[in-house]
Amino acid sequence: MAHRVAVLGASGYVGAELVRLVATHPSIEIAALSADRKAGLAMGAVFPHLRHLDLPGLVAISEIDFGTVDLVFCALPHGTTQPVIKGLPRDIKVVDLSADFRLRDPEAYRKWYGKPHEAPDLQREAVYGLTEFYRDAIRSARLVACTGCNAATGQFALRPLIEAGLIDLDDIVIDLKAGVSGAGRALRENLLHAELSEGTHAYGVGGTHRHLGEFDQEFSALAGRPVEVVFTPHLTPANRGILATVYVKGEPEAIHAALSAAYADEPFVVVLPFGEHPSTRHVRGSNLVHLGVVGDRRPGRAMVIAALDNLTKGSSGQAIQNANLMLGEDETAGLMLAPVFP
Amino acid sequence: MAHRVAVLGASGYVGAELVRLVATHPSIEIAALSADRKAGLAMGAVFPHLRHLDLPGLVAISEIDFGTVDLVFCALPHGTTQPVIKGLPRDIKVVDLSADFRLRDPEAYRKWYGKPHEAPDLQREAVYGLTEFYRDAIRSARLVACTGCNAATGQFALRPLIEAGLIDLDDIVIDLKAGVSGAGRALRENLLHAELSEGTHAYGVGGTHRHLGEFDQEFSALAGRPVEVVFTPHLTPANRGILATVYVKGEPEAIHAALSAAYADEPFVVVLPFGEHPSTRHVRGSNLVHLGVVGDRRPGRAMVIAALDNLTKGSSGQAIQNANLMLGEDETAGLMLAPVFP
Amino acid sequence: MAHRVAVLGASGYVGAELVRLVATHPSIEIAALSADRKAGLAMGAVFPHLRHLDLPGLVAISEIDFGTVDLVFCALPHGTTQPVIKGLPRDIKVVDLSADFRLRDPEAYRKWYGKPHEAPDLQREAVYGLTEFYRDAIRSARLVACTGCNAATGQFALRPLIEAGLIDLDDIVIDLKAGVSGAGRALRENLLHAELSEGTHAYGVGGTHRHLGEFDQEFSALAGRPVEVVFTPHLTPANRGILATVYVKGEPEAIHAALSAAYADEPFVVVLPFGEHPSTRHVRGSNLVHLGVVGDRRPGRAMVIAALDNLTKGSSGQAIQNANLMLGEDETAGLMLAPVFP
Amino acid sequence: MAHRVAVLGASGYVGAELVRLVATHPSIEIAALSADRKAGLAMGAVFPHLRHLDLPGLVAISEIDFGTVDLVFCALPHGTTQPVIKGLPRDIKVVDLSADFRLRDPEAYRKWYGKPHEAPDLQREAVYGLTEFYRDAIRSARLVACTGCNAATGQFALRPLIEAGLIDLDDIVIDLKAGVSGAGRALRENLLHAELSEGTHAYGVGGTHRHLGEFDQEFSALAGRPVEVVFTPHLTPANRGILATVYVKGEPEAIHAALSAAYADEPFVVVLPFGEHPSTRHVRGSNLVHLGVVGDRRPGRAMVIAALDNLTKGSSGQAIQNANLMLGEDETAGLMLAPVFP
């Protein structure tokens, strides 16, 4: 029998991507969809690409009967999620796609998000949702906080290297290129087609991007000492996809060997042959991560390049991967869709 | 047990799209992949987005053991397919995605493709592959000739109207906007990113596009008299998607009613409410067709607008839909993937 | 000595394009820039591509000293312009880029724009700003109302044909493909990059687009009888450029000859050899119009295809062309910039 | 009287951009255009955006009468230029846009371009064409070798810092994002729209990109010791524009001050206020460079971000800037075109 899920915040791109993936999932069905400002509309009116599906209408969260719901995907904006999850029945599992429960330390949350955490008790039971590294804890979790899309991309490149002590922890540069859907469906001038297409620019320069909170937390925990990476995201004129070019000091072949070993059994992580490197085009619409390692001409330096689709592996696919574990299903259920190219 | 298929011409976009769709098909598996110039390469080297799949390597057609193959998808270039299919064992079913067997009249073939047909006997048994209209014949066919992507888009808009005698047959204008993947992976200057992006132009203007051969054949047969539409395709800076804006003379509401009735039970064809019209963005990567009808300010005139993904419903999805019927499977097997937006 | 101009509404794309063109104009200088909501900002803060220019800051209209201004370019939103122009000193020439003074009949204005005209007296002295056809009247005008970008594209294709009686006036179809900058810098969901890129859709379908008011007015006046075209604009994923594919009934070669003759001496209008047709890519950033004529396979039918840049010839370049005439300068002054390709 | 120039290799994007810029140059006129494979064609047939110009037809180099030519722009492919320039009359000035004369050391040329230099004598008199830094030598040069577009972008960010000893020379990372026109009009699969759009990938990873030869030469000369930067270029789905994100170790404010001072009097280089950073969109089609400096959260580290248009300041605009100096004209003549945005 299918598990019944509710999607809160279904009118954003992350919500739409959840519905897209659930549409062909063998054992999950949509019980409810919420969207406060668009409550009352059909999902097909908000996202015409989903109009062929038989979906519940968009309602306010307060209208949802959670009695028939097994799991909630919470795709609400950052900073609005904590009270909502606090108000859900305790027997419902929750996969949160916002940033609200990613940082274990409430002080770190306050630092990066500019306000006190409203649900520190819930925070304590939240499991960080980067599936490949928190698999066991996720399986038994009630609340999973999915990784940010940029933070996920950088961690796939770096975690095994930091854990193995293969790179200089004081000189890590993550230069990241992202498609625009990661910024959501917000009405902001810099997201207009006429503003964004045909060019590139950096944003969050200088160590100000909030995903640094996740990098700091995870890398420092792995290293057993503070690790602060240099991180510059850029916006490129594409809708989906993140490419992280990570500059490290270490032996390139050892780095490649460590990544190959770490991901050898992972269904969604592909480590390319040494010297090859990935493109965002080749993971679009899929839950795959492609990783490449190239040695620099200068000995002892390497570039690790990671590519994933921010809406799939970077958020909604990752969320379903976590839900599969929490619901006792096969981890890959519904997620083996091949990338869409061209 | 899975049906075993070979894909001939697997190094083009249509071949890659077949493999993408088969990757999550419940009852079809890839037995062989051919690509003459790229024989010897792995599919993942030619299409890195498919590198996570366990696929046979690319070989020359002559190297394929057809003894274990149930059905062949033939995605070879126009004009090269006739001798190849002629040389296949008679007990293998064939779904051809080229133009080589679409035109029933060899004279029409000579007119539009500029050379005599090389396999007129095979032509006689070929069934035209627009599934929604040739379903029964396809089910029992040995050789199915899939519809051209532009020709399919126009036919979804017009067939029920011509059949019902609802429109003036002498004044049909099809203005079509297509993404670039329909032109294939050929190395042509006008397909370069720097040439194609940021603009629009027409091509095949003046009644010279070869898909007119299909329009003429099909519409004339439906009408029982010669029908010659005016047809201008345009290339737009997108990879996938065809939008056909069809100008007709007839009563808009009757036209909408006829389309709604014709497609009421079709799993892949969605007729929008009267007055709404579709976008290519909302069918991308799916086997869906979206159709809309809007009445003009001048009475007795209407615009019928059709959208589909040229690589899916316009070729590879359509091909699998046909293969499903020929193999006795559910027509929708493996094809209910939701569109990828944004 | 340079003519001093003010640009009202300088924070939109049309305003920015005016400033771009004036930047290399030999005899026009910017005296003032207004932008109500962005008053107080530097132009370079609103449009960083203009930051190298020495420009006056953005102010409210009320702050401008019109005593030193020779001509006003008014690039305010439709429907807000009438009271502003009414309030300007009578000795200042005005080139209006909004729709507020394009329709000579106040009833037509009410019909297409949904409210009564607020300055019918001014309307009476306004000259329609399609320079090639109103050159003499523009030279002596005080108030010129520039043509809408879509309306201009269609008129370049059709005016000489209607005037010469070469085509069937009852069967004109204008299928138009436009880049997104014509929609302005407004914060609307459908103008977001993630919504608009990678696809195409129609808008204003069914005879509802306001530029039909201009087509009706101009074509009916030329024909001496009512002319109502069928007109469907489409949005394509490009920033600049309009391509109008116009379907007419008439003799293709006579049509080509009439266009060639009509534009033989025009510095900005290029008629391509018979059978060739234009692309928006080849006029981008310039004040040029490219026109092509192709005969259909059906005798007595032709496609006239016109391309221009909506921000240049479609609005700001056209406005400067008009200003040149009004100020006694050479009509081409500052406007011979070659297109930017790729 | 106008200076007469020949453009060799006029059928590529760099050649077309030269013609675009010369079209509105006050004192340069085109005397001859060459294009070996396209000899015999009109320039407007090869580049329809230039069809309104009165240009000489494309001819083979051997057909050009150099007796009436003052200066040659040589836009031939890398590796083919040396014999051509060797064969030109000694009294003609030459601005070379290829890589053939950029590296002063013939051994460096052999290392990066894989073959011996064919004109080492000419190499000795060649002046490196980064105008802002070689202005005096260029003024009196006979042969100027224009900087590579990527090499130029990185040097604008770094030269003043290296010269002033403000940064750690052993830890410079240049992560560069480039539009596709820099790759030229070559028929390569990875330059097709369907391959390139909607994604990002790196190329020349690992210290293999040939522009490193220029970085090594110039930075080492400035530093008086070997300097080897880490450099990774990426291809983004845009036609024009390069953004270089340069990671350095040094005091951010001192870095900003040094750049501001170095470029205070430069007409084409704009240093943004401290903490701001540029976008490629805002220099498109212009000869401008925009530079920004942002301090990292980690003390002693900064990001210097540089943006320019690869076809203008990165090649053809730079070439005309050099020609202006060599011909005794104002350095900015014909080059103050404002960027085209959107």
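Order of writing sets the labels: A, B, C and D. Residues in every chain begin at 1.
Definition applied: a residue touches a chain if its C-beta (ideal position, glycine included) is under 8 Å from a C-beta of that chain, and two chains touch if they have at least 3 such contacts.
The shown structure was predicted, so the numbers you read here are calculated from the model rather than taken from an experiment.
Between chain B and chain D, the least number of touching-chain steps is 1. Chains that touch both chain C and chain D: A, B.
Remark: chain B and chain C have CA centroids separated by 39 Å (rounded to whole angstrom).
Taking each chain's centre as the average of its CA atoms, chain A and chain C sit 45 Å apart.
Remark: chain A and chain B have CA centroids separated by 36 Å (rounded to whole angstrom). Contact with two or more other chains is made by residues 13, 181, 194-195, 197-198, 237, 239-240, 278-279, 281-282, 284, 342 of chain D.
By the touch rule above, chain A contacts chain D in their complex via residues 171, 173, 175, 177, 179, 194-195, 197-202, 205-208, 212, 228, 230, 232, 234, 236-241, 243, 245, 247, 275, 277-282, 284, 294-298, 301, 303, 305, 307, 342. Here chain D touches chain C in the complex through residues 13, 16, 19-20, 23-24, 47-53, 181, 197-198, 239-240, 270, 272, 278-279, 281-286, 288, 290, 336-342, going by the rule given at the top.
Residues 13, 180-181, 185, 187-189, 191-198, 237, 239 of chain D are the ones touching chain B in the complex.
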